[in-house]
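So, here come the structures, one by one.
Each of the next two complexes has chain A plus one more chain, namely chain B in the first and chain C in the second.
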Partner chain A sequence: MSRDELNIKDNTSLFKEERYVQQRENKKQFEAPCSEKETAEALAYSKSAEYMEKNFSRQNVVINPHKACQPLGSVMAALGFEKTLPFVHGSQGCNAYFRSHLSRHFKEPTPSVSTSMTEDAAVFGGMNNLIDGLENSVALYKPEMVAICTTCMAEVIGDDLNSFIGNARIKGVISEEYPVAYCNTPSFVGSHITGYDAMIKGILSYLYTRSGIESKPGSGAESGEKLNVMLGFEPYTGNFAELRKILGAFDTKYTLLGDHSGNYDSPATGEYEYYYGGTKLADVPQAANALATLSLQKYTLKKTQEYISGTWNQQLAALSTPLGIKGTDTLLATISELTGLPIPAVLTEERGRVVDALMDSHPYLHGKRVALVGDPDLLIGLIGFCLETGMEPVHIICSNGDVDFNEVKFKDEAEALLAASPYGTEATVHVGKDLWHMRSLLLNDKVDLAIGSSHLKFAAKDAEVPLVRVGFPIFDRHHMHRYPIIGYQGTLNLLSLIVNTILQQLDDHNSGFNFELVR
Partner chain B sequence: MGLSIEENQKLVEEILEAYPKKARKDREKHFQVADEKAIDCSTCAVKSNIKSRPGVMTPRGCAYAGSKGVVWGPIKDMVHISHGPVGCGQYSWGSRRNFANGTLGIDNFTAMQITSDFQETDIVFGGDKKLAVIMREITEMFPLAKGISVQSECPVGLIGDDIEAVSKKMSKELAMPIVPVRCEGFRGVSQSLGHHIANDAIRDFVMGRAELAETGPYDVNIIGDYNIGGDAWASRILLEEMGLRVIAQWSGDGSLNELEIAHKAKLNLIHCHRSMNYMVDHMEKAYGIPWLEYNFFGPTKTYESLRAIAALFDATIQENCEQMIARYKPVMDAVIRKYRPRLENKTVMLMIGGLRSRHTIGAYEDLGMDIVASGYEFAHKDDYEKMLPMLAEGTIVMDDPTAYELEEITKKMNIDLVGSGVKEKYVYHKMGVPFRQMHSWDYSGPYHGFDGFKVFAKDMDMTVNSPVWDLVSRKGTMEPKEAGV
Partner chain C sequence: MDPLRQDEFDSQACGSMAPKAKPCPRPKPGEAAGGCSFDGAQITLLPIMDAAHLVHGPIACAGNSWESRGALSSGPSLSQYGFATDLTDSDIIFGGEKKLKDSIDYIAGRFAPPAIFVYSTCVTALIGEDMDAVCKEAADRIGIPVIPVNSPGFVGSKNLGNRLAGDALLQYVIGTGEPEPETDLGVNLIGEYNIAGEMWDIEKLMNSAGIAVTSRITGDARYKEITWAHRARVNMVVCSRALLGLAKEMESRYGIPYFEGSFYGAKETTYSLRQMAYLMNDREMERRVDRLTEREEARLSQELRPYRKLLRGKRAVLYTGGVKSWSVISALKELGVQVVGVGTNKSTEDDVRRIADRVGDDTEYIPEGGASRIIKTVRERKADIMIAGGRNMYVAMKEQIPFIDINQERHKAYAGYEGLLRLAKELTYSLANPIWKLAASPAPWDKEAPPYDR
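Up next, the complex of A and B:
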């Protein structure tokens, strides 16, 4: 019997069968549903200007926010270091959520442990959990470093990580020398990017301090000519590869501070290891002697940058995600400036090829009205890319955009960037708003394209706007994170995604005489 | 390694040697190798429903996950506030695939994340005032919402907010049921307490609050089916075809009214006994409604269950049941004829929540597959007592197994298929071991009922026999990966 004869239907088609349609109708008598009229009216109302006004005047309820909580970022940060085990101090459900969430995005395992605090820890504190947890996790998963972050529970009851870790050493469950970095990451402050920053700063400062090295930027045979580079809360493993390619072309030595690309893009070899790649622990103190540090997510890495320029007395160049031609130009100019090396011809050539591609595609992009959602640094990059292609950003939402760096707020920078271009005049930047606000915006002031994470798919569908998935998390498409979106190559990838989405839309809408072969 | 009792006992001991003394002593209690005695009289020695060891990769979640993620979240016409910081609601947003009919954001609020997004000031001054405002705003934003539940996250309990008082006051003001649920994540040892707390809240705040216009002799409830990938629909269709009338479906594709009228049923049919046994026990005591645990995974168990259900009704229903089985059996036989030869004697390790590790055994057996290790994330003693008689001698039974234990068992037992969750999935991909995500059917489904079994069989074949597993080149033939510079 062939597969067809068995007529196997899964949920994509099964429930469209008449018997299931009938079932659905029949079930309604027990649901006491609103009438079809009521539902239709409520739907129409939800799309109205009146509703949008109400939506924007709500003060307290948050609906479909585009942010996660601090410790999620800390787990990702910890996985950026060689043989480092993320360790979440609090109730175990948080850790299960972080592991699932990150795994759903990267389609990779997320090794991370928790102290499994329960009611008794809520009353007496979680010290015993932390001590037992260190003993167990070191024995089982054999990390070379443990990186502890807190959850809201541990923060509310005021657990003192430093003294708990000290007591674990006194009790002998870990040796005096065993490296345990930590940071405080209350979930009720900031978002996942704040937690990423806290853990990077926690690890850098911890490994540097304990090394006894005194920073002398630009000194030391090993590290004198090196550059430190930080990508930040980076959902694209492809971006690490692209950056390596660029730095390799410059022929500069460098240290990536926080490189989780190994853990989130590891090979299937028949054997699982808990740790893949990551910044070498020994390279961290040496990084204090580097020439300079280049940060590619300045809003995300706020405290880490302050630490590096303050304690390591290092020159710091802080950019946002280098997207688009101009964004990449800035990146290359900055690397050139920091290292004194010329911009490699191979990259200039690549630039030319990508500009050529942008020219080829510009008629389909020009004047396209775009809605954008994402983390602050990604949005700065995306806005820049849109403006240089002639696309017009219209609605921009940044749920966790209430951040500043060197006293410049994200919103101000974004608005200045938009104001400087004739293509940015229609844009409004909404900080602290959520995707339910975006739904109203999409329905009331139509755009051609939405760019954002998978969570934006609901609003985009309601407004019948095609969604190009960029950012974090991307749950419902495969392998997007493996392709870079930074650098010239990343710009080409982003361009292909966007222009082909638009061309697909043309095909979906056209038929007959204008169902065209050549474009 | 096969199913030798002694060998597997030794294997478990070897694996546990990696633990420090204290943790090892604890973990030992969570294993049992099925022997004749345990199977026959199901003398279950497995310790369960006790704390996970700190510092191990436990598969478990928390009470909030049990209440909001499992029980309350799928009630579609109520708005469920994730009350506390932003994370919990964000992580549980849409990830469990509880299908529900309706218009999202209008009369269906399942795949949404509605949160009070606690800030530092809320921790200092409390979130009660804000909560009241949020409830008013919800009625403004979602005028068709039938009710609200407050799913409390860790800090809410720790700072002593009185969500009960706010809910009571606002329930009056807004004239709708508002249900406070004390499911803070630090409560209890796993999701399981969250189920219990959620059930208690249903009992205390909604049960028995509405009437059914006309009751009938064949009125039943589906309890403990979360409609993952449409499971409850594939189950309901069989009960209705048999002549029963399903008046309430908990809680996949469920509605407030169904929670409120369920006490009028003549029989409760419970699928996930672990998460909703509290409910059927209560309804038996309070309303005299008998209940029956059923299993719609795989034709053998489905036939058995359908007949057991029919036996509680009259000859008409029994006759309908037999006719229905006769109608479906040839199709089920054809599915087995096609897939069994491809799956015969393949070994399976399961580690799922609190029901499926037991309920799916029959479906695997229908396909000729052998369960050699099976465990639960958050089961209780009764789950193990029910599971043991279903197992072959030598099967390893494990409670709350850690990632390390699962990986070691897989390596040492030559497992052909692992069924577990997303946290485990990609580990097995690295290992080159066929894996199926059995919490959410790996984005497929349904798996319940006759329509579901076809999908189940196809998916298991697709997984076990995919040529991709043969592409895994063993370590050593690969260049070591260089990180950084």
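Up next, the complex of A and C:
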């Protein structure tokens, strides 16, 4: 069959055909909408400074949110451990959303189950659902551990997970030894990053406590274990690979605490299994004996960090997502400091090559005004990267910023970082704002480039600003998450994404004198 | 509207027959079940494109779902905005009604929609928010309809949510407006959501036969047109059994006859168009429909010929909701594709009977979910292709099974005659892609040595 015969029109081209255009036109006549003039005026008003002021004085409604809820983060966290089944205690829809959401980003299946609570559970509590659910899911999915998180429903009715799990053991649906970790993650508190943190802490503390091991920081060095590393709510599987490469170059032994890269980047072998990779359960109690823990999302992993430094008495280094040259320099210096190992020559050489690449592109980056949306740790990294390339962050929105962190708040840190650079003087950091606020900002104070998740595409299109997709979720582009954005290699990826978007923009919008061959 | 008696509730929940067992199968704890009632209610009403849809609850329900539906709009896009009250812990303690009221006011003031739908969630239902009162007060004050949709997630499945959305339409929308006097009245399409633009194909067909669409409930709908749905002459329930209650209630209230039909497959399409004309009681229209369907079927048959040749004898496993569990089987049969496994997870007994009418004895029914269960059927029945929704797509990819997305995320329109042609092309395309051969062959260095010739 020839390709012509297989020419399938999808809805992007099909509905541009004359007859559909005509059909829509007829419908418009029928609707008798406002006149085009009125529509244009209303649109123009929504783009005005006057409207922006009203938009920013808005208190009680969120329009186009840029955060998801706690249990979504918990599901991702649970998938970071070997043969662990995420188990969502609440009504069934939440779990369906998490599975869709994560699968649409990673283009991979998400094994996760729900207790499917209904009205009777709302009245009498969800214990029976939890017990039946444990029995069914263990039989169906054969996990080695179940990791339970709650939804707002379970939290509002006050279900007590600990006693429910205990009752499940008494009833014999799971054995006394069978590991079941849990955490409380009501959606009306925090966001996906808070939930990620809660589950990581839940799993670490559960596996450590039940092992009966007493932490002796540094004693793991005898078995070669020196360093624990946590990436946090990490939407890039490529970042795990990049981090492994870096740690491998140091030749240090390490344990990744929470590694969902296996589950979200598994090969198509012709046989689907529910579980791929993940931190080995037995490695978790041993991690208490490591020399130190390195956390790469300090705002995300707040409670986990407190737990590790408090209970495991371990030295803890907490950074934000290591983006850009300086971010990666800090990462390498920290690893070197924690392990006592020198920085490998191969990485220094890589650094030089990426600096070279940055120099090649700098004329196109310098002075470019940028809008940024993301989670706190990602934003700190992105701001750093922008500043070192001469790009000027202008609008920064963090919907889930400003969780207290040893009295240092995201907003303070971001502002200090910006104030320290001549390229950061125009920036304003907004926490707790949404993408409708960002739309006003983009329309009223033009930028050259927006950086953020797919959700930002609507505002970016309205403002005719090109969007570089970075962060979570990315639903409308393929394979972005497979390429690292951390480390020197990640810096190069980020650079080429950004500079080539700018160059594409030049080509798209210039047909005449500067439609040049060489850029 | 009077509250429904329990037995009516049961019978309307997902079928016309009083079911023997519980109407909508209860989700089983410990499985990866589909969406909840909130989700179901929201997807039913979101295609009312010019209305604002406000989720009253914590960030979860809106944060995880806004703008992820493939219901296309021919104009307004307000329905794509993610509006949420984003309740936090203090709202849970002190109540979120003030926040809701302010949110409604803000949306009304800044976006001037023809109506605002307000959705309850698990949390607002549990803490006892009086959403109905807030909505009523707001509607009286600001002068636009503010419609409470009481379908918190925990009341049950997505199907039940579809039904509860139908109840909201009956109670607050249908019958509140009147069409222009010269409007040509015809058919309400109930349970057609314009996924990938399917509504437009259907509407085009109906218009060719001179049948007017009165209200779209709700694919690419405008709020106003639903207010006068009670003036239609016929209701067609498009493959969504959950909204059957709406059609039944409209029959008893307004005397509008209804029928259930589908646009998947040529035969079903023809049947549906004929049924419309028949119920309109218009001989001339019936003749026009006959001429149109004959012509279209003949044309389609010509155009399908090369695909039928390629698809004949191919085996498929179909795993989808009640909506398409049986109707897509007809479409596939017309293409010569044999359905060797079919999901019945979200099907009522009525659905299962319809499935049974359409498949052979050796078709396996897959009563419950779990990716491994579906995959097992594909393998055991030697199926060539899997037809399911997005959450199962990536499992199929892992197993290297050709796949077509049939659920709400799909980007291709499969309804009507042209839709069947598109489905045929899409099936051929998916089966013929060279990637399957590549995936199935191991790396050259992993190939087993040819057997030693002794």
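Here is the rule we use: the second predicted complex is superposed on the first by the 501 of 519 C-alpha atoms of A that agree within 3 Å, B and C clash if a C-alpha of one lies under 4 Å from a C-alpha of the other, contacts with A are read in each partner's own complex, and residues count from 1 in each chain.
Here is the rule we go by: a contact is a pair of C-beta atoms (placed from the backbone, for glycine too) under 8 Å apart; a residue touches a chain by one contact, two chains touch by 3 or more.
Computed from a prediction, not measured in an experiment: that's the story for all the values here.
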Clash-or-fit label for the pair chain B, chain C on chain A: clash
First, second, both or neither for A:Ser112, with chain B first and chain C second: both
Contacts of A:Ala122 with chain B and chain C, given as first, second, both or neither: both
Touched chain A residues, chain B compared with chain C: B
Which of chain B and chain C A:Glu82 touches, first, second, both or neither: first
First, second, both or neither for A:Cys94, with chain B first and chain C second: both
Touched partner set for A:Lys280, first chain B, second chain C, both or neither: first
Which of chain B and chain C A:Thr39 touches, first, second, both or neither: first
Chain B and chain C contact sites that coincide on chain A, given as residue numbers: 1, 5-6, 8-11, 14-15, 19-20, 23-24, 27, 31, 33, 42, 46, 54-55, 58-65, 67-72, 87, 90-94, 96-101, 103-104, 107-119, 121-122, 129-130, 132-138, 140-141, 151-153, 156-157, 186-189, 191, 266, 268-272, 436, 455, 458, 475
Chain B contact footprint on chain A (complex, rising order): 1, 3, 5-11, 14-15, 19-20, 23-24, 26-27, 30-34, 38-39, 42-43, 45-46, 54-55, 58-65, 67-72, 82, 87, 90-94, 96-101, 103-104, 107-119, 121-122, 129-130, 132-141, 151-153, 156-157, 173, 186-189, 191, 244, 247, 253-256, 259, 261-262, 266-273, 276-280, 283, 436, 439, 455, 458, 462, 475
Residues on chain A engaged by chain C in the complex (per definition of touch): 1, 5-6, 8-11, 14-15, 19-20, 23-24, 27-28, 31, 33, 42, 46, 51, 54-55, 58-65, 67-72, 87, 90-101, 103-104, 107-119, 121-122, 128-130, 132-138, 140-141, 151-153, 156-157, 186-189, 191, 266, 268-272, 274, 436, 455, 458, 475
In the complex with chain A, residue positions of chain C that touch it: 26-39, 54, 57-68, 72, 74-75, 80-89, 91-92, 98-99, 102-103, 106-107, 110, 112, 121-123, 125-127, 152-158, 196-197, 200, 203-204, 207, 222, 224, 306, 310, 370-372, 375, 390-395, 397-400, 411-413, 422, 425-426, 428-429, 432, 439-440
For the chain B and chain A complex, residues of the former touching the latter: 18-20, 22-23, 51-65, 77, 81, 84-88, 90-93, 95, 99, 101-107, 111-120, 122-123, 130, 133-134, 137-138, 140-141, 143-144, 146, 153-155, 157-159, 185-189, 191, 210, 212, 229-230, 233-234, 236-237, 240, 246-249, 253, 255-258, 261, 331, 334-335, 337-338, 402-404, 407, 421-423, 425-432, 444-446, 451, 454-455, 458, 472-475, 478, 481, 483-485
